[in-house]
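Everything on this sheet refers to the single structure shown next.
Read from first to last, the chains carry the letters A, B, C, D and E; within each, the first residue is number 1.
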Amino acid sequence: MNRFAILRVVAKLLIPAIMLFALYVQFHGDFGPGGGFQAGVIFASAFILYALLFGVVTARKVAPPRLINTTLALGVLVYAGTGFAALLRGGQYLDYSVLAHDAVHGQHLGISLIEFGVFMTVSSAMITIFFVFAGQDVDEGQD
Amino acid sequence: MTGSEALLAAALVVPLVGAALIVAAGRRPNLRDGIGIATAAVLAVVVIALVRDVLAGARPRLVLVEMLPNLSLAFSAEPLGATFALVASVLWLVTAIYAIGYMRGHHEHHQTRFYAFFAVSLSATMGVALSANVITLFTFYEALTLCTYPLVTHHGTDEAKRAGRVYFGVLLGTSIGLQLPAIAAIYVLTGGLDFAPGGILAGHVSPAAVAVLFVMFIFGIGKAALMPVHRWLPAAMVAPTPVSALLHAVAVVKAGVFAVVKVTVFVFGIDLLRSSGSSGWLIYVAGFTILAASTIALFQDNLKRRLAYSTISQLSYIVIGAAMLHPLALQGASLHIVAHAIAKITLFFAAGAILVAADKTRVSELDGIGRRMPWTMGAFAIGSLSMVGLPPTAGFVSKWFLLQGAVASGQVVVIAVLVAATLLNAAYFLPIVYAAFFRPLPDGAAQHGEAPLASVGALVLTSALTVAMFFFPELPLALARAFVAEGQ
Amino acid sequence: MMLLPGLFNYWLVVVLMMIGFYVVIAQGNLVKKLFGLNIFQVAVFVFYISMGKIEDGTAPILVDGEPVYTNPLPSVLILTAIVVGIATLALGLALAVRIRNAFGTMEEDEIDAAEADPS
Amino acid sequence: MAVTALALARVRNLFAVVMMSGIFSLTAAALYVVQDAVDVAFTEAAVGAGIATVLGLATLAVTRSEAEKKVRAVAFGPLLLVIVTGAALIYGTLDMPDYGDPAAPIHGHVAPRYLADSEKETGVPNVVTSVLASYRGYDTLGETTVILTAACGVLMLLGRNRRQKRNAPTRDSAA
Amino acid sequence: MITPHLPILEVVLPLVSAPICLILRSAVVAWWMAVALTWAAFAGALMLLGEVLNAGPITYALGGWAAPWGIEYRIDLLSAFVLVTVTAIGSLAILFARAPVAREIPADRVYLFYVMYLLSFTGLLGIAVTGDAFNLFVFLEITSLSAYVLISLGSDRRALTAAFRYLIMGTIGATFYIIGVGMMYMMTGTLNMADLAARLPGVLHLRTIDMALAFITVGLSLKLAVFPLHFWLPNAYTHAPSAVSVFLAATSTKIAAYALIRIIYTVFGGPAVFAPMPIDEMLLGFGMLSMIAASLVAMFQDNMKRLLAYSSISQIGYMVVGLSLGNVEGLAASIVHIFNHAMMKALLFMAVGCVFYRVGSVRLADIAGFARRMPITGAALLVGGFSLIGTPLSIGFVTKWFLLEGALEKGWWPVAAIVILSGLLALVYVWRIVEAAYFRAPAPAVEGIREAPAIMLAPLLILAAINIFFGIDGTLTGDLSIAAAQALVGTSP
């Protein structure tokens, strides 16, 4: 695996950068292109890169499937929960305007929340899917 | 709910309750058979009471449930239906007694299932007889087909299953394929399906449509066994004899001709058919069926098959009676429902008794059997006379009216057919009687006596009824008159 | 492409769609089918985006003084549709892997043959 | 693009197919940028060129397949179907407004309100984001659910611990 | 607080329950949750139906954005009726599912099965209530994706290829659908169904709109499995796990039929749209072909599930023919058949599932004579069979009656004849099952089996009761569907 040494070093530098970029995309979505979905994909690609270089087994240790599963589900729950929050505050489902004191603020909060939900689900879904695919070899090898 | 409405409901429910009780008592044969007879007796009483009410002018009506908007399962009693119900219920009582002797004497299996379906079939028959609209009639007509299927295939042999398929295929095929669309068409054309005096189609349809619908109905009612949709009836003869006797001489086939008469009179209306002239062909088809079936019967060696073809031919008497569109002929048709029922059931009972006691099914084996089984063959002789239409039997009465109707409406063809059919009937029944009594027993014939008492008692009773109807035709005649009066 | 007049853009999209469609229905390899499906869908996405385009428009990120924006709605729809597309692709590939494990092949005709022979 | 697509249709090497698909997506993404749909372009690049390619390669790696086994003649039945469908589509385009026509009905009904009011109503300058997340937020919830479905589905189909099942004799339910 | 938000809760509650099950990872909890949610959804659907009957269509603006800008839920009589149907099936199938799922699915995946089930259920509900053409697509895909997975779980490896083919065909169908929606959007600038309906008449003459309708129709017909587009269906239903066959056979094609009715009648305004395009004749033709061809194929099947699958295609033909007649009766036949067919097919697949559970096979030769050992299952099969044939007093008759009425009202005798003929063919293939079940000597595999467990029998009996009850008293469903059909046809200018 030594021949990957350079790659690994570069990757170790790159991966935090990619994650940071993902977060930027996440929060910049309001003003420029981007949003939860794109951020999720980018975030996931950081993991995928990690898994490619260090092996799926190691990657699974960093991000245990169980945790990923939970965030996968939680993302949808955050999204749907935002809708319920709106309901509880007397608005229609997913009506963010009621979430804060004034409508625009509420919208902003709501959009951020659901974008975060999307981010969680998308990133964990992508990681899950990749791990499962890439894990095929590993799992078979263990037989 | 008035008294007669309660009777109407009871007529439908009693057999069903009976069936349930029969299943419940399945493990105790004596109790089960007792329940069977008791149910039949209760039904007979109920129907007789109902008939009395109907004769007194009551026309009870009962809407069970609305199946679809403007389409309900409804029942009512009018004279023709009452006649049919009366025949079926009284003869069921007799058959119930007979069946016990037969089924036990013949060691049939699955007797509980048999009796239960028998009772359910009777309920369906009552539904047909007492239906107040075409859709109810159709529904119970189909139900009757379905619940007699297990009876036809009772033996479970390959032959029985094959016969069952023919039975099922022809009956359901014609009814779904022809009758149902005709009903739907009538519904679309008139917006209703209730039977009404004078018919419901008048003024709604063109003569051409009347003709088409009439054809669809006549052949859609496969149970009337008009040629060429008669094939199912001989096939059904694989069933145990009580089934052949009650269902394929009385309930099922009469449900067919009953439906033909009822639809002719109360849906199309005599006047409409007469004015549109779209029913004339029926006389020829029915006439052909009478003669052709009689001729085929002549060559059948299997006794039950011979009886089956005889039934096909006799059913067409009723159809021809309806087709003449004449009051007297209609009375004849109504009477013939009764007359043929009691005579034919006698004949089937006799055939069953011969099978049980002597284990014989062929006409050619019956030489001299009258000496061993005098009661059975005596009853058979009476039934045969009635089939031929000779006095002093019921068959004479109905044929007389048919003939009168034919004369009055100037239908020479019908007269000719009736005369020819009489000769043919005589030709295929009387030799049996002759052989039974006057030919010597073949050598080495097995020793046997009469069939079980229950069976013999039953067939003696029905033969007595056959004769009685000749001397006391008041009740069926009154019903027939009331029917014709209502149909006008 | 922008310079081409009238309906040409749509026609091109149609051609793309049909290439994808052809790959889906005519090709035997399961993976190839899936990627054909992908092309088919992407072509449809292009179709949507094309219809949202407005001449001399700019991306719908509101800035002061820009009068004409491209229609944002198709973009939104297509964002959703892309996600659906990748979901379908992932699932399809997963199925393809399972099929490969079960049948030992990813060629449709070989699978058909294996199915006909139930051993 | 058409070239890439055609190449994809003809190439037999599956590795190349996946790569072609990636290139195709990238081209599409470029096209989106040209058509002012930057968000979509971003996504297409990330998904079509990124994730889809990676997944495709992973599949190929797992199944250890490289090329289609057979050379296929052009299948005429499907070709005919495709031509008919394409012709129908072309026929459908005939009444379409010209590309980029500002007077097209699509620009006249619903969209202007988003452009005019969304900033006021949601405080988000990127209209695509505001429509996606707020006006049509429910679609996006559905979309997230689709992703969830796919992830669960893949887990279910290929997840670990499948070995017991695979080694068990596959019972032939139909046989 | 709940009542005004019922339309959305109806869909979102099952939706959120799926990820919750995913987190909890427990098969038992997942099952109970699915039961609770489906039954709650059923109750909600009934309440919605009551509300629609009392107060007319309900609309619900999601996110508080008014209709053409935001996504709107719109529940009219038809939606409510379909909603009740789907939730009824969903809540009964989940009861049925537990035992066979425990047997057919590996234990560590069972909770995922219920997650998928709930998602699929959510998707179906979402389709039924949405008033937005694109939103319909999104939920259609939720249903479809989960359906692919569910089907692929069958114990036979052919389930995998069946699911794959379904995936390809289903995605093509969905893509066609969005092509059509895109064209409509292009010409009208809106995606809201009601808004589309208002704006389409102005552009109905355009070729683009013709093609939009054509593509949507073809796309949905693929999902619907109308005759030449049915290839995915028989394998999918045959090889899917029992519980999945029950659920999908009873709901997925029905929802596609609903969507087709919705698009043609609500969006395009009903019969008027048929004038420039021969869509109705084509649908009529293919519907009739479905009815006959699929029945003919069904007659020769030895695998009961496959037989039923082909019969489904044939019954789908009824719906297609009904909606293509373009009159109230015909449309009512389609609508009532959505309910009727769901009920009868669920019943039949459940009965077959019970047999499979005990006998381990669904081939006619292997299950011969089972009805004597499993009298309740046998009787249920019989009831379902009669419904398929359409004998009076069964729900199948209600459909057939409406259909005949619709065809005869237009004076289309040949259509009536085909309907009748298809019923007769149904008689043949149903009777093959009945004969095998009752009148054949018991097969070796049948010896010594018991009746299915109570938890499978309970939904089976409920369905059988529904089949009989609504067959005897069809006024409720009949009136509802006629009212729904009138509302739809009445919207046409």
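The rule we apply is simple: a residue touches a chain if its C-beta (ideal position, glycine included) is under 8 Å from a C-beta of that chain, and two chains touch if they have at least 3 such contacts.
Fair warning: this is a prediction, and the values are worked out from it, not measured in the lab.
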item	value
Minimum number of chain-to-chain contact steps, subunit A to subunit B	2
Path length in the contact graph (subunit B to subunit D, fewest steps)	2
Winner on C-beta contact pairs when C-D is weighed against C-E	C-D
Chain separated most widely from subunit C, comparing mean CA positions	B
Most centrally placed chain, judged by C-alpha centres	E
Farthest-lying chain, centroid of Cα atoms versus that of subunit D	B
Length of the line joining the C-alpha centres of subunit A and subunit C, rounded to whole Å	24
For subunit B paired with subunit C, centre-to-centre distance based on mean C-alpha positions, whole Å	69
Geometric centre distance via CA averages, subunit E-subunit B, whole Å	44
Subunit A and subunit E, separation of their C-alpha mean positions in angstrom	36
Residues of subunit D engaged with two or more neighbouring chains	38-39, 43, 47, 51, 55, 58-59, 62, 89, 93-94, 96, 104, 106-107, 110-111, 114, 125-126, 128, 132, 134, 136-143, 145-155, 157-159, 162, 170, 172, 174-175
Set of subunit C residues in contact with two or more other chains	17, 21, 25, 51, 59, 61, 73-74, 77, 79-80, 83-84, 87-88, 90-91, 93-98, 102
Subunit B, residues touching no fewer than two other chains	none
Chain-to-chain touches, reported pairwise for every pair that qualifies	A-C, A-D, A-E, B-E, C-D, C-E, D-E
Subunit E-facing residues of subunit A, complex	69-70, 72-77, 80-81, 83-84, 87, 91-98
Subunit E-facing residues of subunit C, complex	17, 21, 24-25, 30, 33-34, 37, 40-41, 44, 47-48, 51, 73-74, 77, 80-81, 84, 87-88, 91-92, 95-96, 98-99, 102-103, 111, 115
Of all residues in subunit A, those that touch subunit C in their complex	31-33, 37, 122, 129, 132-133, 136
Touch list for subunit C against partner subunit A, complex	59, 61, 79, 83, 90, 93-94, 97
List of subunit E residues in touch with subunit D within their complex	15, 18-19, 22, 62-63, 65, 68-71, 106, 108-109, 112-113, 115-116, 119, 122, 126, 132, 134-135, 138-139, 141-142, 145-146, 148-149, 152-158, 179, 183, 185-191, 195, 199, 203, 206-212, 214-215, 238-239, 303, 305-306, 356, 360-363
